[in-house]
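In this document, chain identifiers A, B, C and D correspond to the written order of the chains, with residue numbering beginning at 1 in each.
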Amino acid sequence: MTLSLILQALQAGITNGFIYALVGMGLAVIFRGSRVINVMHGEFSVVGAMTTVLVLTAAKYPYWFAIIAGLLTGPAIGALIELTLVRPMIRQQATEDQFVLLTIGLERAIAASVLFFIGRDGHLLPAFGGDHVFIVFDVVIREHSLWLIAIAIIVVIALREFFRRTTLGLALTAASIDADGAATTGINVARMRTLTFVLGGLLGAIAGILITPLIAVDYTTGLPITLKGIAAAVLGGFTNPLGAVVGGLTLGIIESLVIVGVSSGYKDVLTFSILIAIMIFMPHGILGRGGRGGG
Amino acid sequence: MLEIHSLVSGYGALTVLHDVSLSIGDREAVAIVGANGAGKTTLVRTICGLLRARSGRVLKNGVDISQTPTHDMADHRIAVVLENRRLFGELTVRENLLLAERRGRGARKVFDWADIYALFPMIEERLETPVNLLSGGQQQMVAIARALLLQPNLLIMDEPSTGLAPKVVKDILNVIKELRGRGMALLLVEQNVGIASAITDRAYVLALGRIEHEIQPGAWDTFLKDERLVKAYLGS
Amino acid sequence: MSGDILKLDGVGHRFGGFTVLRSVTLSVPERGIIGLIGPNGSGKTTLFNIISGYLPLQTGTIEFRGLPLTTQSVPDRNRSGMVRTFQTPKIFERMSVLENIMVGACKITRTGMIQDLLSLPHARGEMRQIRSLAERVAGEFGLAGDLPASTLPAGQRRILEIARALAGQPKLLMLDEPSAGLNREEMQQLIAAIRRINEAGLAVLLVSHDMELMAVASAVHVLNFGEIIAKGNMAAIQQNANVREVYLGV
Amino acid sequence: MMRPRFALVLLGFVLWAALPHLLTRHMTDLLVFTAIYTVAGLGVGLLLGQCGIVNLGQAAFYGIGAYSCAYLTVELGYPNVTGFAVGAAVSVLIALVVGWPVLRLTGYFLALATLALSIIASSIFYEWDWLTGGELGIGGIPKLDFFGFKLDTPGRFYYLAWGVAFLSMLLVSNLVSSRTGLMLRGMRDSSEATASLGVDLQWLRTRVFMLSALLGSIAGSLFAHYVSFTSVQSFTVDKSIGFLLIPVLGGVRSLWGVVLGAMFVTILPEMLSQFGDIHQILFGIALVAVVVLLPDGLMGLLRQAAGKLGWSRVSA
């Protein structure tokens, strides 16, 4: 194993880690706002990416237009799901198990719809910055990876500032900490919950569009993306969206080192063993309870 | 200012309030006293819309607000301080207050930040502290401040003295008196009759979900010596 | 020998930096009814949860039937003879009244899951045994066994919870705010039930804010800010200046 | 009243025995799968209906049952019965060792942990190709035989598969109506109260998890001998989700609901096969619909319909 191999792996791990972070943040935002772990989250990514592909290829619109179209699907689906399914179920005081089943059902239905209407083929999007690569210390870095990392960092910072600096962001946090306290402070708690699904859907779609130039996306991509996102969010503590960034990067780097050091086949074994262990022994994630996590 | 007619309310199979009627006039301070389990908290939750009444009406200045969602109570200039304060623990004092200010912005402004600092000097010092690092008494003050920034003319408080040391309670009572001086109407829900009598004009005694007795203005002292009080609170 | 079935010595508890219990010392004699009252936030429920094993013991000692309680789990404590009820009755909503009581009796059975799977005679025999035990207990409390538990009104739920607790034949019954949400008539039924249980030989620890209910207790302890501020019989408690201050502010 | 009821049971039995002779080979084949899925689904349904545990890991035990039969008979030449026994023993042991810590979790985290187990298992099946044959799989698994009666057609295997399914249903029904069943339902309604009554919840849940794993393993062993071939594609997370669908769609309140659910997931895809993969969409929508509208699944729907037609008590 050479140094450049390790660096190459690290580079891949960081790139993947940011994707896991975006997905994990979306999951954590939704969880914090609604106490729902959204098993169909990866479908936000798949639908966002597939929509971008379709608009780009079929209608020959410019790339930026296709991306905006793809990005919009996440919030739209998120709002639809919250308003039509989650809200009535919360009113009936549904259990966690029922939300697992509900979102698994949605995951199946959306994945199968992609299969049915788009087909089995994987689709790629053009890389941002074309196929240009940088070579640093024998490490090949695609320009798209740099774009991906930069955009992810901007999204993370924007999200952080949104939660910290805007009253809307504070209201979202407040509604998740104490619903009754929020209602008596004049915050429309139900609307905040819809908003968390909108925001979660947007984060999912961003992740999907960013990864599609690197990995061909097909109807099976959603569930694995969700699972990695859940692992990232659990590592980060689940109630703290920014924890998912630490969780996602940790996960991405561990995975890539396992691929180099052990075998690619065992990366899921390791990832998900860690996930189980963290849930049992560190239920508040690797960051612990500190900081500004949620209720 | 606030009129409640034949309110019936409860949780699931359990009916807690049976036919409760009461009223509060402009600038008036009224207490609801009663033992635990009498339905005091249920009454507060029903008035402010966290719990839907099974029947009966709640009128604020003649407008029926029994279907108004809790988050729109500020439109009717009602603010509530719930039991246990219900602050946003990880957010700072400033952030907690900011959220209320955002909602109270449209209403006629009665309280601004300067008023808050004047009423609670401690808040100005601890603005950037997360509220869960404050003492119980300080938290209670933040909770009252948060309610005031909704610009109410009726303040409803559920057990503001719970779990607080006597000295802290005294501080809070002083603030409430100050607010009364500024014309605020007050509905105070209290288990502790001594506290209730110190700051309200009259009271309703709630027992097993019904108004059992009314204490008229000026009758607090006679009531406090009344044998019925001992019976209602300490058993026979 | 008539000793104390439950003995607390210097029990304290802190949540984070917040002292909930300073130092509580009290004991429940065998066949006694001891009341613990105090206003909201005085630490009653915390103390109750420490005794029954839902919260860890931080400082002080607890002795139950002569043996120290330290890290025993909730089921272990139940098996050693103490049983509790909950502030809001936790009955099994989707089961019948009789089945609720039968669950309380399950711990006295000896057969395992494999015998249950194969429905072996011994397992069926024990099932019959707990069913007849549950029917007897239901009869004693005037509960209709075949009603779905979800249909019971508040007072009956309390009674069912107590009946279920007694089906396991405990030595100490701990009641957490048993009078909350009861009307006058139900309250009288509850008091009668507690008296009857006690006459049958059970010790009772009654935690409540309700002074009326405390008429059944032989001695009452008053908890305020995590400390016992008074103890004695009910008449003495009612005249106690500290207690009047706490409850009435006068 | 006994006689008409007995006659009805007898009629049902005769119909059941005659079915393979009346139906096409293909339909019988589907009914064999219904039986196998019923066995695996019973375990998942027991956890969901009695303990409120969402188990998304059943494919792991299904795989263990299948691979132990494949490996022991094909690679080592052991008799068929050892495959069943070793698979069952390994599954129960793993369920004990893994279940003990994992079942401390509840709600979402428990569901996610079982999902993670399924992924770990399918990765291991993939990687340990010396044992599982990896993607190529293991072929030539011998047909079962009973005292010289070879179960080499769907019509013949049908009786074994359904025999096992009915036996499993009987055992689970015994359990549900026993003290264990009482404690389980108590735990589902209020775990706190059940613990306060002296029931060791974790050990109780672990034992039910072991039973569920046992049923999953037996179903996997039946599957391996029936199709004579196993490969990693049969034991993925999708399969685990499929097993969860069975009791949820059918209804967890009755054992027959599991049978109904198993029929639904085996027969519906066939009926819709001309439309391509549309059944997958329907499964998803059906799951959402059941969760939102039909808490007792299709069986609950059937009962409502039967109630409207005036047939009370379709099944116990």
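The rule is short, and it goes like this: a contact is a pair of C-beta atoms (placed from the backbone, for glycine too) under 8 Å apart; a residue touches a chain by one contact, two chains touch by 3 or more.
Just so it is clear, the model here is predicted, and its values are computed rather than measured.
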Practice task
Sort the other chains by how far their Cα centres are from that of chain A and give me the top one.
Solution key: C
Exercise for the section: Tally the contacting C-beta pairs at the A-D interface and at the B-C interface, and name the larger one. Expected result: A-D
Practice task
Round to the nearest whole Å and give the separation of the Cα centres of chain B and chain D.
Solution key: 56
Handout entry: Distance between chain centroids, defined by C-alpha means - chain A, chain C (Å)
Key = 48
Exercise for the section: Report, in whole Å, the distance between the mean C-alpha point of chain B and the mean C-alpha point of chain C. Expected result: 33
Fill in the blank from the handout: Among line, ring, star, complete and other, the chain touch graph is ring
Exercise for the section: Please list, in label order, each pair of chains that touches. Expected result: A-B, A-D, B-C, C-D
Fill in the blank from the handout: The residues of chain B that touch chain C in their complex are 13-14, 16, 35-37, 159, 162-163, 165, 191-195, 197-198, 208, 224, 229-230, 233-236
Problem - In the complex with chain B, residue positions of chain A that touch it - result: 167, 170-171, 173-174, 177-178, 180-189, 292-295
Handout entry: Touching residues (chain side chain D, partner chain A) in the complex
Key = 48, 52-54, 101-102, 104-109, 111-113, 115-117, 119-120, 123-124, 126-127, 237, 241, 244, 248, 276-278, 280-281, 283-288, 290-292
Exercise for the section: Flag every residue of chain C that touches chain B in the complex, lowest number first. Expected result: 39-41, 150-151, 153-154, 177, 179-181, 183-184, 209-215, 225, 234, 238, 243-244, 247-250
Completion exercise
Per the touch rule, the chain D residues reaching chain C in their complex are 171, 174-175, 178-183, 185-186, 188-190, 192-201, 207-208, 211
